[in-house]
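Letters A, B, C and D name the chains as they come in the text, with residue numbers starting at 1 for each one.
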Amino acid sequence: MHLPDGLVPLELALAGYAGSALLTGLALARIKRLPDPRGELPRAAMLTTVFFAASALSIPVPPTSVHLMLTGLMGVMLGWFAVPAILVGLFLQAVLFGHGGLTTLGLNGLILCLPALVGFAIWRGAGARWPDLAALIAGGGAVLLALAIFAGIVLLGMPAALDAGAERAALAVFLLAHLPLVLAEGVIVVVLLRVLRRIEPALVPHG
Amino acid sequence: MSLLQIKQLSVGWAGQGAVLRELDLTIADGERVGLVGPNGAGKSSLFHAIAGILPPMAGTIRLLGQPVRPGAFHPDLALVFQHAEDQLFCPTLTEDVAFGARNLGLPEPEVQARVAQAIRACGLDGLEERPVHRLSGGEKRRACIAGALVMRPALMLLDEPSSALDLRSRRRLIALLSQMEQALLIASHDLEMLLELCPRVVLIDQGRICADGPAREVLGNHELMAAHGQEVPHSLTPHDWVSHDHDGAVRTAP
Amino acid sequence: MSLLQIKQLSVGWAGQGAVLRELDLTIADGERVGLVGPNGAGKSSLFHAIAGILPPMAGTIRLLGQPVRPGAFHPDLALVFQHAEDQLFCPTLTEDVAFGARNLGLPEPEVQARVAQAIRACGLDGLEERPVHRLSGGEKRRACIAGALVMRPALMLLDEPSSALDLRSRRRLIALLSQMEQALLIASHDLEMLLELCPRVVLIDQGRICADGPAREVLGNHELMAAHGQEVPHSLTPHDWVSHDHDGAVRTAP
Amino acid sequence: MAEALPTASLSARARLVMAFILAFGIAALQNLVALPIAVALAIGALVCAPERRAVLYRLRPAALLALMFLIVLPFITSGETLVQSGPLRITKEGAHASMLIAGRMMVIVTLVMVLLAPVSAFRLVGALRALGLPALIADLAMLTLRYLDEVTAELQRARVARALRGGATGLRGLPDHALLLATSLIRAQIRAERLWAAMRLRGYGMRHGTLPTPLAMRDWTAIAGTGAVALALVALDRSL
């Protein structure tokens, strides 16, 4: 679920870049405040590699198969590092595989980074008290939020003359098509965070 | 009826030509066979083909008389990977060992019994609740074997089981394997281990079987071994005392 | 002045008690020392302490007369880890080898000259632009050594350098190490290799030095080695021909 | 053949800047006047590119998407009827919008791929660093790229191991995928610790940012030329 090049008007693409730049600046500032930002880098990079590799492999969810997005989980495990990690992933996907686009890098960054940061906030706030619920929201909920932002941007960018009925139908189809992903991601993040909290709690702070 | 019967097997990875060429191999029930050869000789490809991971380009593979169907689940056959980490993915040792047994659809008491037995057989008692990534190298290796044993396979394929183990762990592994009743096909560069475990050794190079016979004869054949980039194991080299040059040549002291 | 001087060193990981206890060790310039002992004896901890990764609980470590400061960059000292993969973190061989030299702040022509020299010394010519993950196991190991050599360290610590190498790669590695002028401290279970490379061997167990002396004397001492879970290397065992029991005991044939 | 092309010797930095200029220039087109010229430009670039096979392969996802817009949009946009057949009605506005979107998409992706295909991902990240990308992000990208193939292979081997032990398929297999992912993350954490030790021992962070080598004359020329083309296209587009 990436916005391709050429779909949205230039102004919107530029606004996306501004938004992503702002988020990146904020994230870098927060990372610099960590006790040992440089020492955190290898960990963030290695986890990012796993997220990136895992989302490239498809997972069967009958009757279809999905590619995990893992944005909420990235927020939970990487914190503010999720923002640069996601942008790096998006850039590489755009130039290596033609998924997404260069002009829409900023918008795609917002679509994934905002849910990641929401996932981070939810886990930090509620992970210790209601871990499963927080994991479910950080998993499936983050996908829903990303879908919503994606749909919002597409509606903003589409030609004004779009038929209202068709628009609603397209939205419904879009949501339905992604329900398996929401389900898979919710289940996987809940199970995964349960396991990590049990055997390697250092990997999931705030849990 | 032989346990494993491979006939005229040719195998290759997509677009890279054949890795194994018209290979014949038969293994009897309970037999222990060592598989040696230089890196890239085709040992891993052979394992992948037998396990049904890599579909053959030609030829047949039969296990207990039934053809091995690529991609299907064959509980009669277990593959122990070279990197233990690649195959231990459950949170704790017990859960990991139980994984295969649960997938056989056995009743839970039977699963528990088999798990306890496999853990004991592999000398992992007391580590039941240990997260798998906290096990030592040797324990991980034995945990993989326990996870295979629990399915009661008729044939186990082991890929470099002794690599990266210290002497004590290696000893324990050899003792464990020597007690097993399953047929074993062991690919290894650890020729001393093969000499201890396997009465029969198969040498492959460039996708073909170059020798198949009693371990001492194959591994002790200087000419044959050298021709395929192998060294005869120390314990088969008659010598009283040796010293080594710095260039690595072995010289027998007077 | 000795190259490395360790006095009364005690080291431990947080909350797990001491792993090394009041250990003394001195290594002279250009000396090659083998370090043996069972897993968990403290070999890795000693390496980590010498390299300044693990701050000592007590005692001093001096390199070239200067104390080793934990966390600081000590270009005189290089550590080659057991996992080659995890220390080759740059895209290509050349870039990886150059990494340490660039961080020394050397002018670029000097960096280039050192890189070329290190790559040649390690027999990696022709692989300069190869992505590191495309190197073979033996090449990776030598690439790690090249990346260390480029900083011109006075002391190199090598952790299990021959593990997971096939015979040919192991031979090449031994030939390479035997030509180096640096002082080497080599932790390994590959006793035959230590016998070839190191005139002196240190045996540690349970965080203490149990023996320190000429390699043949330490490694050839059956009683001592057995007491610490080690086996005397085959080439130091006088025998004509041996056969093996299935329980793994070595029995000399009549 | 590749040597004969004027673009063959361009630096990765120049290629990146050119890719961004062209991408944004084309994205700014709003009419169907300048677009055909851009399409011709893209086709020409693709035909001349030595890596056209690889580029064509990477164009597939974008082509699929563009096709979808071409087929769907004309029918669901209200406006002046162009063609009508039963309940299906193609509008002028819809046809215009679909061609514009699909055209821009394909032109941008083609040009970007042609420009960047000869450069490895590592060099692209290096170029971004030279263009001012913060060191932390550049290092993160380098390390991620370095271990990506390996981690993917590990994950795939783990999946095979799961299948060989009869792992459930379909929905019931989902929790297993969580376990595989958890194991992978733990391995990543352990690897990161070793990696950090190795990086520090070889002086990571000791180097004070070396200045990137200045761009060559041909790089500047190419960038300026690209800028001029993009400006001309936009000007033509707006002139109507």
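Here are a few things to note about the model shown:
The rule is simple: a contact is a pair of C-beta atoms (placed from the backbone, for glycine too) under 8 Å apart; a residue touches a chain by one contact, two chains touch by 3 or more.
Just so it is clear, the model here is predicted, and its values are computed rather than measured.
Contact with both chain B and chain C is made by D. Looking at A-D and B-D side by side, the one with more C-beta contacts is A-D.
A straight line joining the Cα centres of chain C and chain D is 44 Å long. Separating the centre of chain A from that of chain D, both taken as means of CA atoms, is a distance of 18 Å.
The set of chain D residues that touch two or more partner chains comprises 143, 145, 179, 182, 186, 191, 195, 199, 204-205. Chain contacts: chain B has residues 91, 133 touching two or more partner chains. Residues of chain A in contact with at least two other chains: 195, 199-200. By the definition given earlier, chain contacts exist for A-B, A-D, B-C, B-D, C-D. Touching chain C in their complex are the following residues of chain D: 120, 122, 142-143, 145-146, 149-150, 191, 194-195, 197-208, 210. Those residues of chain D whose C-beta lies close enough to touch chain B in the complex are 154, 157-158, 160-168, 176, 179-180, 182-183, 186-187, 190. Taken in their complex, chain B has these residues touching chain C: 38-39, 136-138, 163-164, 166-169, 171, 174-175, 178, 189, 192, 195-196, 229-231, 234-235, 238-242, 244, 246-248, 250.
By the touch rule above, chain B contacts chain D in their complex via residues 51, 53, 71, 73-75, 78-79, 81, 83, 85-91, 99-100, 103-104, 132-133, 147-148, 151. Taken together, the chain B residues at the contact with chain A in this complex read 91-92, 131, 133.
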